[in-house]
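Report on the structure given below.
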């Protein structure tokens, strides 16, 4: 309990510091949303619109950075993330709310699958060291060194086309309306296959490797020998004794990667025009859209922290040693 | 006395080919039913290797390069443990031979409750046993080693070192094996705890009648607790005799050295001689008797010929054997 | 659940052999639901469907800017000679999609809305009085609006008063349920796109034959390009590198690209305050050697920014009508020798490959543009090698966009590719480059234009004269004067024109504007889209 | 040029003294204690008195966790102390770091328990020893001086010939050799007092003896004051002049080694001695005492038992033991033999029966 | 995801640090260490590839067959004898661009790796060694950096700067990517700090900076090296990512810039695979080489990961036995005196009956 409260205090501090940084760093960037908008349209938007845009965005009255910071926290406590500039006047919370489910389902599920597959293969490779599984490593290493986006673009080039099963972009067929029905869901799944595969291929090897290494390390622990000595079945020793213990150190890595779901896969979403948060973040960055940037950073920060907290909890659950009585 | 376990010419190597290190060399040893056989020798002499090698539990790069381990079941014909298939070996392990390792902390899986670790042996060896009776049996074992049944659901780290070691002992006995091998079961504990645990073990042995191979390099402990003692040096057994015989009249110079290395708590202060020199390097074993470079009594055959373990040429030598040129042997013991 | 699924009929449609919908794509990234026709950031604006729901008073053809606008919601528009007032007669057979009649009140309300909300008044129109008399709306302006006439009449979506007067803040309202007078109504909005369906009744003219418009916003040009090539998009405005290979060749019969130039250009701005580029002769020489053809073919894929040939900087087609008599037929010729001669005469020396100015200093120039703008970057690379031919060593810098923006505005640059404003007359082009009213000292941001700090009272006066003129002759005189200054002083080197074109497929629908029949621009986000859509016919019919 | 002198200093001179030495390790507060004043602490060492004299070995025995190492570290000034006093040649010293610490370290050196862990695996023996010599200015001026000093050190700990060991890495040495290097490193500072924290417990019996003999030899030759910490009471008998017994952070008995080991007074010492393996005992003969040992668990040091800390396990516990902290009482069989146990207070024994307060 | 180094040493949990510096397994001399390291096939292979890259980074710009910027009339030409990797839409030689682009990638990768490593070493070790408030503050700092998404942060910081030279990019990547390694190092330091040899050198009187620099740091070398490699990979991928989305592209080429142009011109859609593929493969091979070295370091640090040479044993009957945990291979189970290894099949079901001996 004490441990838990300490962790929470620590998380709160980290969150505060990160959010503050998130607030200040983007504001150091020269330029403003209006200029970015003008530049984005490159002549399509007349410079005469500048004034009206300043008024529209509420940037016409100069407020000190400090006052803005105070306002920001006030708003934050009211659950108000402000209005986005890029998608003016949509509230940031709404934009994030629209995009988040996509990212979370695509990247989240993929990360989980990647972790599961990687861990599974890693357990296998670590347990049967010296067998053919050792050959798996160079291949996966190569794939993990390939930049995501490059792989994605190649995949689009090779696998999509007018007659291909794989769509080249988007999260679902544009003719459909998101709904839980038999048209939409298959379409959404179909659209997520290629990006998911890309992420999977380039991320799975990390898990294989770290799990394999942990397996090898754990395999030489005494309690594994004891388990063998007890005459337990190979499966039971491998799974319930070796893998179970080898998994523990990987949990925090997994939690962290869950946290990075949002921020880390920016490029996959861009390449596949996937309507997720990473893609929006890039737009926000390009448009100096502070409220949106901050909103997304907030989501990332909080998700990383929550993931870490969950990892702590999972640790508590999985590793009885961290559980303290009383 | 009837043998339960006969080790014949066991050889164990670490590594392969030229780099191989032979850690156990032509070891012949017989464990009799119901006895405590002590195995002593300094660090690195191959005690653990021998113990693990018996049931093929050595981790890579350990390889058994030769020998037999004949097990005599109570009712059926003896067989060679090293020739068992994986499946048969799994069934053999723990049911016939259980092992208590040195560090209890490391022997127990930190993430499972001790009840789980106790019952999964039962599950593996007797799948038909009901969960209820498994639990009952586990509880019974814990009680036997003096741990309250309400600690069943504790995790290893919640128990003290002594309790963990007792859990290990309880676990070793849960299938009522014929042989229990204990590799330095008490080195990590302090003397008070050590005595408590060993006392309990002896008591249980009297009740259940299993045989024990007890490994330690603490000779005073060994002399007190075992019936027979075998001394290892450089991968070989150099002497083997009843505990008292060794204590009072060790024949091999190495055994003598060992016995004069530890101070006695009681009785007159005696001179401690110790053993000069340092243990041999397994990779470059001295020729002949591996102890000869450190032996105060070495003479010319020692450096060239390996002495064979055999019954010494002495009047009361019936129950003992030694491998030393000072004590020419009548006949090799098998 | 199949019956009440919003997707059930779509899914069926997809399998039909005859197609009654049109797939429109834009590479504008994620969209959020916002159908506010005035918000520049709305999805309605980014995808262009606001012009399918709302309509302007007149339709103006940017491809033929000199031609008069045609009435649309207005049955007639009459401007005063001084262009300080206009009388708009509102069509009497138009209705809103909720069934209410469209009246002059609605038009007046719309103008008032712009007048009273600076945030909505994107063209900064100085409205004065707005009065209604029957079906006529009289609008007066504080200044003459000749150059803005089409922005007012052809680019202002008319909105229903009875809806909008209930909206508390029209600037930030997302207009969830758009009610307009156009031929389409909103059917659904998703992040992936917007679907409009054609009205069933009450449209003031014949309903278009396209029953449904499906807009998709693609992440970027690449995704849009892929979609066009695949046939996932039938109509889009996007830069296609090598459109022949990536688009047309995928279906040569149907895939078409049309990119007519308009009165808005791109060119190399020179900072005229920096030595030696304050020297007109040097600028002229530099202007002479830029290989616009190479830029057109290599940087603009031979279509996107139509090559500017006229020395006046006016694009072919749209600009032809405005070229001063003395420059008619005068075209850039990529004249290296001539440039060398000119420089020699002005006291410059070319030693081997290095040009030195009269003071003996080698002439060097830094060209800069943000890295992501690959066509500008390519242009700069070409310009760099062009300059090298007359001994000017150019280096290309790639500051990030924010820094570049700041540098251009504050005059902290030497030369940079940039665009000009566009409009119905060449006024916007020249104003962006030369207007002395916008001149700011180095270090102060010039947000509206004149980034090169070009100082010419004559040009400023001529621009003012053009805007305020009350007769066509006066305008022509002023325009000719402006062009003369532009040509002789070379304050900026024009390179290519903006286009209002499109990449489209006539596999399912025909009737698109073409070079042969340029009845309007073709960009799917411009006010004239309801005109185009009214002309589309199913292929094969 | 020998930098370390073999000349005898007067034996018996008091080098280091601990008076009422106390060390409490603070435990982090739990949430519910956030608002209370109470601060939890591990009472690792309480009120320990000991005296190290030149040419003498004092053994400190006691079970695991009784605070032996903490005493050594306190004496080496590696921990700040909570209370009490450490006197070097009669002068109170309290050093934290810097040159004061170094000059203290020059006189009092510590040898760590585990010879496998106390040498840095990445450095050679030469590095370890020359650092120790250099820090304490015993390296002389030239390289040659240093070389001589190094040889000298190694010779002194019987690692001969020195050349064979100087450039080896720790892992290339056996445990006994490593422990000798550790001792040589301590000697490099030319100290007056050596605090040896279980210097042999990790070693093999045969190697053990060599190291102990070496220490004894050094004591005699260099007149060192040695604190020998162990839980092997037999080696204390053999090796130390005086033996002190610690239980749960407190001294419970002290006196000359032979007396303490042969006629233990405190019930805990008796338990300790009875538990020690004895080859003369018959195999399988389990002492009946076993049953009375309670659970054998050492007490919590955060909330130590009131009164005598041993009372929950003591077969002789009396009512007074549960409430009053026992004081040092002379036993009277040999001079200097004392125990902190109420059994030796006649008044207490007269008023109650030993064993009356034994926990059921 | 990309931010998680896959090094197993990153997974060391505090208290399990033993895995990082196995005392016995540490090879002796530096010379021998290097030799051992190179014996690892992965390391050798990785180092050879890396060596090639470094070579090209140094001489690349001088040996390019064409000026990578130079335009020609061969627009979008497939690979040919003249243009090994074909040409771009401006007629530039892709091969020259790839060669020329090697230097910035290698430069930024290694410089950023170095910066991040230095920072992580300073912060991680300080936090781990000093502990207490310093530790709390520094841990919070690294957590903040861990929480803020790296690539977006880089994008923002890059856009604050006027023009991003490779040096600046390296600085930015370095400054934003140290936190993970700092965390790993802190955990390692925490476990090392409690090692006896650190305490022992303190007891000898070493100064703190010397302890950190000479006792602690050398034991962290492998962990630091592996962290460095991980960061280099990360930095290379970050640079390429930034260049690819057009955030970074100072004067000159790097592989990301090539991909940026290729993508901007829809190279693949145009069928110009040669424009897109080489740079991507160059990245992948560099990454693979670095990963291989990283694995080798991992294995080096944790000997358990080292495959002990041959793990398959041939039996006489032609089958193979694998060395595996729990089932030691038996090469011969006959009671013959040991002469030479003879393998026999052991997978007979059941046991070989042995004649029961008459008890003695």
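Read from first to last, the chains carry the letters A, B, C, D and E; within each, the first residue is number 1.
As a convention for this text, contacts are C-beta pairs under 8 Å (C-beta built on N, C-alpha and C of every residue); 3 or more make two chains touch, one makes a residue touch a chain.
For clarity, every value in this text was computed on a predicted model and none was experimentally measured.
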If you average the CA coordinates per chain, which chain's centre is most distant from that of chain B? C
With respect to inter-chain C-beta contacts, which pair, A-B or B-E, contains the greater number? B-E
Most remote chain, CA-based centroid, reference being chain E: C
Nearest whole angstrom, what separates the Cα centre of chain A from the Cα centre of chain E? 23
CA centroid of chain D to CA centroid of chain E, Å: 46
Please tell me the distance, in whole Å, between the geometric centres of chain B and chain C computed from their C-alpha atoms. 91
Using mean C-alpha positions as chain centres, tell me how far chain A is from chain D in Å, no decimals. 55
List, in ascending order, every residue of chain C touching at least 2 other chains. 226, 370, 401-403
Touching at least 2 other chains, the residues of chain B are 52, 57, 59, 89
Residue numbers in chain E touching two or more further chains are 159, 245, 263, 269, 311, 323-327
In their shared complex, chain D is touched by residues of chain E numbered 21, 23-26, 28-29, 195-206, 208, 214-215, 218-219, 221
The residues of chain A that touch chain C in their complex are 29-31, 35-37, 39, 42-53, 55-56, 83-90, 94-95, 98-99, 102, 156, 160-162, 168-179, 181-184, 269-275, 279-280, 283, 286, 288
Interface with chain E, chain C side, in the complex: residues 221-222, 225-226, 229, 240-242, 245-246, 298, 370-372, 374, 378, 381-382, 385, 395-403
Which residues, counting only chain B, touch chain E once they are in their complex? 1-3, 6, 8-9, 11, 13, 15-17, 19, 25-26, 52-53, 56-68, 70, 72, 77-89
With touch defined as at the start, can you tell me which chain D residues reach chain B in the complex? 63-64, 174-177, 204-210, 213, 231-235, 237-239, 258, 261-262, 271-284, 286-287, 290, 293, 296-297
